[in-house]
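Heads up, there are several structures right after this.
Consider the two complexes below, in which chain A is the common component and chain B and chain C are the respective partners.
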Partner chain A sequence: MLLSSIFCLILSNALSFRRDTAILYSRIGIIILFYCIYLCYNNLFITYLDNGIGLFGGLFYTSPITQTFHILIFIITLLILNLTGFYPRKLISSQYLSLSNLLFTKLQFVKNIAVSNIILKKGEQYTILEYTLMLLFIVIGSLLLISSSDLVSIFLSIELQSYGLYLLCTMYRNSESATSAGLTYFLLGGLASCFILLGIALIYANLGVTYLDSFYVINNLAGVLDEQQITIYIPYCLLLITIGLLFKISAAPFHFWSPDVYDGIPTIVTTFVAIIAKISILTLLLQLVHYTNSIYITSQYTWTTSLLISSLLSLVIGTVLGLTQFRIKRLFAYSTISHLGFMLLALTINSVESIQSFIFYLAQYSLSNLNAFILLIAIGYSLYAYNDKNINHNNLIDKNNSPIQLISQLKGYFHINSFLALSLTITLFSFAGIPPLMGFFAKQMVFSAALQEGFIFLTLIGVLTSVISAVYYLFIVKTMFFDGHSYTYFSSLKDLRIPALVLQKNKVVNKIYFNSKFSLSSSLSITISILTLIILLFMFMPNETLHLSNILAIILFIPGNI
Partner chain B sequence: MNNIFLLNDSITNGFRIEFVDIIYLVSILLGILTISSRNPVVSVLFLIGLFVNVAGLLILVGYNFIGLAYILVYVGAVSILFLFILMLINIRVSELFNDTNNDLPLASLTIILFYYIIAQVLPINFTENSIVSYLSNSYSDVYNVQLDNELFNLVDLKQQIGYASSKGWDNSLIEPTHIASIGNIMYTSYSMWLIVTSIILLLGMVGAIVITIKQK
Partner chain C sequence: MSLLLLLIPLIGISLVTIETNYGLSIVNNIKIKSIALTTTIINLIVSLIMFILFDFSSKQFQFIEEHYQVSYFDVYLGVDGLSIYFILLTTIIMPVAILSNWNSIQSKNVLSFVVIMLLLETLLLAVFLVLDVLLFYIFFESILPPLFLLIGLFGSSNKVRASFYLFLYTLLGSLFMLLSIIVMSSIMGTTDFDALSKANFSYITQLFLFYGIFIAFAVKTPVIFLNTWLLKAHVESPLSGSIILAGIVLKLSLYGIFRLMLPLLPKASLNFTYIIYVIGVITIIYASFSTLRTIDIKELIAYSSVSHAAVYLIGAFSNTIQGIEGAIVLGLAHGFVSPALFICVGGILYDRSSTRLITYYRGMAQIMPIFSILFFILCLGNSGTPLTFNFIGEFMSLYGAFERMPILGILASTSIVLSAAYTIFMYNRIAFGGSYSVYFVENIGDVTRREFILLLVFVVFTVLFGIYPAPILDGLHYSVSSLIYNIN
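Let's look at the complex of A and B:
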């Protein structure tokens, strides 16, 4: 909750009148997030936190798992803020690269308009002042959601998180598709909240408790006390809550909104919407499933079976429907759905190994999904200097906010910027689970956990769908590497010379010309390179991550033994 | 084994179970009319009637404060907002005449399925008093419970305990009012929820400003 104090500060800052200072707010947000990461890391006493400590009279709790996922959320939000915190392109001149020049002189451009066009100073994401604020609201919501241990606080924090997400979707008001997607998201999210609320109300009406701890106790003693009554209705209530939660993370039978929404909203926002909500809700589900799973000892019906059904449907629908997509963000949405199938499978098995694989899968998938979206944005920025000859690509709706919409726009991209193409390839291979990359290890852990508990059919389905889904990932790779591209370099940019003055103490020292050499700014490229290297080189240093997830899983099962 | 006996005095209370049934039926009727009426303004008026009805039920059952808050919030704010919006957007009624009769079997199937599942889930004293359960087991003689009869057993009384609340004057000396007890709880042990709710409200305010502000 230290976040909220920091966040009052942002609110007071948000009263500023100038719209062009939004970039500075993003940077402030980054600093705040660094601070939060430090606080979280400082509080991560794995030995003492043990199985969780209740906060605020048991309404919230903290445990190593919540702290770790807090840090994960902070890091991802930080990287996403990084996208709006800096201008996406930069000019390079070899005359102005020496260190003494950079430190002691000041550069002034003569013609500002061309430069601000090139570094995209007027992009719409830099005029939205409240973007950082909204992001921090959502982050507060998801942090509270992860660490809530009471049914009412679950509902409150889920509402906080989703209101923020709806607002974030509609925030780009100039684009029609973003507004309509935000409205869709709002309506369906409201429906999901209704389900959650109904489940909570039924639990309260039946058991008279809202504390999750006492709920778990009643739940696990239920079979001993009264076999007929409680064991019938507790699974139904939990099922209703879970339907709401699955709606929010767009798992398979409830997935219809997610491709439309992801496709409609700007890519920068999609990055956030697609990742953060899933991390928090899945962590909450981890807690719910783990503590209520043992009810199946006494009753015939266990509600986690329905999670398995959802997992199976997610796997199948995510892969099969993904095959027909030609819009890249819809494709990513379907791939997210199929990955959710793996996570739900690992979640439902609920053994030490599977929880370990679940935690690891969630972390690695969030990071590589983030990398994929950042790469899409970067590719969109890097195509600025190119003219597209393909007629179909020129009249796409909402081209300013999400430049890359079709897979065919990536045709032959390898010949334009090979590094970005290679990074995207590595990320996609990691999605598909090609061996030396990070995604492979996650999938392998899920499968081995499933086989150990005897889920042979689902494992087979998982392997098959993973192979089928490799088809569309490889299709993107093929499009990027082997097709000829339709882009031509702008002729006016080719012999463009931008004059600039080098000032030293307000005196003109030198006059240099920038030619049209410009590249992606280092914030984007550093983020991409770090994430790609993590994915690529994971196999050389897997110990830290695996040990961390192992310890977290063991703590959940055997408290007090570390 | 200690047993707690709750005695319901229907003389001072004035509460009779039949009224609840009447209110149930009227609110079901109003709910159906809300959906089925073509004109949106009429439909909103039915909705207001439904809210007032439910608020009356809550007050009758004993939740005074919640019932009043219901009228205040839903009738006072939300429905009036609905009416305003309906006046602003100018819907032509003729456009709304679409054929919804095909959906009737689906709707009834959904309702039956929903009731089947929910009736298992609902606690006993919720379903037992409704008119549906009277129809299903008509042998139950709830109405024959006499107060001066010493012989009634707890099973019969259980029907009435669901609405255990009394309006006797002497009880108001010991029993704090609803607002006081809600405030007691809300500002002490559950103050964290209050803070989270305030953050949500703040977000709502900021969000409303963000998506409507005129950008320069």
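Let's look at the complex of A and C:
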């Protein structure tokens, strides 16, 4: 069933503890993830899955929603592992491109110091062996979190996920900023966990249950019986848990850690930290909000009103504070906060349409955010061959691990590699919600759901903030397109010819020379182009995604009737 | 055939990119540009064929193409008596726009210029072709990124500010329109124009929808105090950008009024006519006086666009056949004259002297006689002199306005005097006003053949339709009469 995939993960991790190169290790991770996707996809066809099936004595459960988000997480992790699983640059020789030559010949580079300084220059990500292992553990944590149906298992899996993330942040031991950011993350995350634990403890003390289903039943019964003594604590307990959860997804007003942490840790890790934790916790919140929406603090307000407040604050803070950022990862952190505002809004409305929009928003935002970070990494790789004349850019801390840190480093990038610049532009416009792109449809669905349920004020705030946030997205676009760049191609690379030996059955057949035209390796370029095309051409094939989210939302509302 | 119109520029884009990336010969900028030009001309021919085949005795949508399989939001294209003229306007202006920047784009940027232009053509045509409100909004908005890049990449000194203004102003306005469209679709459950026009929204709903949509179109038209983006964008953008902005993008709001406001929200439009008229009259007078004082020639013409736009805005809301037809005619006429004036000052004069300030020009009639004649005809057009196309449009718009609200109509009619004043004043300062300016050290040549053709296209259209407007007015009668709302 569901957990067989997880066991498979753990087992394969335990077995493959060979000290091989990290690249091989990531590739094993990719294969594992492919297998997991296959398993998850098969699980979707289980009968009675619509009602949700309890596992392990009710500690966990599985339903179409959990399965779908599992697949989403697998896909995203797969793409992230893809970044470390392959070398970032390649050289192409048209001479040996035919299939038989590709299969039966081998290439060996002749050692050359000038070349290896630049071509083989790589961040620390290729030397850390535990990277894949940590990633897979975090993925296990988030999978369990998505499908947990017991307060205890919620806490345990949150901790599993969070500890993995803390460790992942501090994994680059040589980098000062990464370790300090990891420590910040750990301390504040620990605080958040305390809140969650407190909430859980209070619920247990008052109701005597930890099992979520019975918890929901008690809630609804209490609403009918009008026994105020039982339910009076519940909203506050839920509020405490929610504070903890909002802390972990860095929604305002609990967002202070996220820009620092994002900025401090290496870009590859940021990609993972920014996306995975949000998917799992937001999916958990979806279940929680949906079933406990009817608990009232007073006669008018449900406890989810606090989520609305958080949504409003996220929208405002994410956009306004983002305006002053000049470090690109901090800016992405703030943009994430403002997008969280939209997601929380959709989450709190809790109608069929809003849940649909929530699911769609979460999926599309994860994918486009992933694309943005991959693009940042790719841009960093492509700039290795260039010499930056701007002195400010050469003295950045931790430049090896996250080469692009300032927005001004992207100056005039359009004139260096127009396709990467265009892809980033498309992604950013999608963030801003410009029509034919995917982000627009998500925003439009959220607005539509909000207007239908009468949240006019928040809709107007959403409109205003999306215009304001367009300013900083446009600023990046402007930097890339309209400014001149300060990069010069390394002079030693200009007329460099890189010798390589062609081997056939271990015999040297030929010696060929590559000219110094580096290009991004196919793993990066294919990933980027697929994601960008999905964002760009979403308008022409929205059926599958929209129907999927629609069906999931309907299933949540009418279980058993589909 | 409507789909063909949209696909031809896209095919052009792919041809151009393939040519540069995989072309066997050395990348040739002339070749890239001529591919783009050919593409737009083919598109012009297709649209002319469409115009010939168009059945003007019907007010149904024609050349309808529906593609339900393609998209969740049905790709549903069609043309009626209103949109056919805007489509023709677009296809006429696009080749001119590409031709106008033929020499002034730096060689390494030619590819991106051409791609942006062709993309803009597709998106603009799509706005006029789609018969679905949501798709209308999508394409209405999606012209922003290409325009942003066009102005930012090829604009003059203050381009960044201009492109930001353009993008943000329009985005803010349009998002309110999005809210209105969402409300419409959630009430009716459909976003189809035909189905929506059968609906009768309650009065209060109409009011809110009206506000939302009007904010978007007020920014796009633009009315006074919301026109900052227009001036900046016009002044800083490259010549082709100005041409497209003045010729087509400003007409999007006019077209939107006929598509979204008049048929869908008749009661609200009728009851709020006076607000629009007051705004329009203020715009006309204020913009005209500002135009008199402006010394940047490009900004001057941009400002005159603002006051003309207010005239056709007033005409469009007059609820008379003459007024609405006049609005469309003035829109088309302005779409011919204003780009031509931009070519005159932003292209011909600026290329030769590299200044836009009117104070540096004097006595151009002595050294550029052909230019001065063409420029003079266009200036007459801009001020709405009889026998030009603008005159017909302006007269009919003001006639409609006067019939609807006499006092405000009279005030609006000051535009006749004021537009003549600022246009002739400008012409006088440039063409005459003493001898050849001492600021120019070298001699300035008269128009080249390329520039002459560009201007001639517009001059011929303006004068020809000014003398014989029947081809356009006849086609409009049927479609316009369905927009009239009878209070009884």
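Just so it is clear, the second predicted complex is superposed on the first by the 519 of 562 C-alpha atoms of A that agree within 3 Å, B and C clash if a C-alpha of one lies under 4 Å from a C-alpha of the other, contacts with A are read in each partner's own complex, and residues count from 1 in each chain.
By definition in this document, a contact is a pair of C-beta atoms (placed from the backbone, for glycine too) under 8 Å apart; a residue touches a chain by one contact, two chains touch by 3 or more.
Note that the structure is predicted; figures quoted are calculated from it, not measured.
Residue contacts after overlaying the shared chain place A:Leu533 against neither chain B nor chain C. In the superposition on chain A, A:Ala470 makes contact with chain C only, while chain B stays out of contact range. Legend: residue contacts after superposition of the two complexes on their common chain; A:Tyr163 is shown touching chain B, with no touch to chain C.
Judged by the touch definition given at the top, the superposed model places A:Leu187 against neither chain B nor chain C.
Applying the stated contact rule after C-alpha superposition, one finds that A:Ile53 touches neither chain B nor chain C.
Against chain A, in their complex, chain C makes its touches with residues 70-73, 108, 112, 137-142, 144-145, 148-149, 152-153, 159-160, 163-164, 167-168, 171-172, 175-176, 178-179, 182-183, 185-186. Looking at the complex, you find that chain B touches chain A at residues 117-118, 120-123, 126, 189-193, 195-197, 199-200, 202-204, 206-207, 210-211, 215-216. Looking at the complex, you find that chain A touches chain B at residues 4, 11, 14, 19, 56-57, 59-60, 127, 130, 133-134, 137, 140, 144, 152-153, 156-157, 159-160, 163-164, 166-167, 170-171, 173, 202, 205-206, 232-233, 236-237. Those residues of chain A lying in contact with chain C across their complex are 415, 418, 425, 429, 432, 434-436, 440, 444, 447-448, 451-452, 459, 463-464, 466-467, 470-471, 474, 477-478, 481-482, 539-543, 546.
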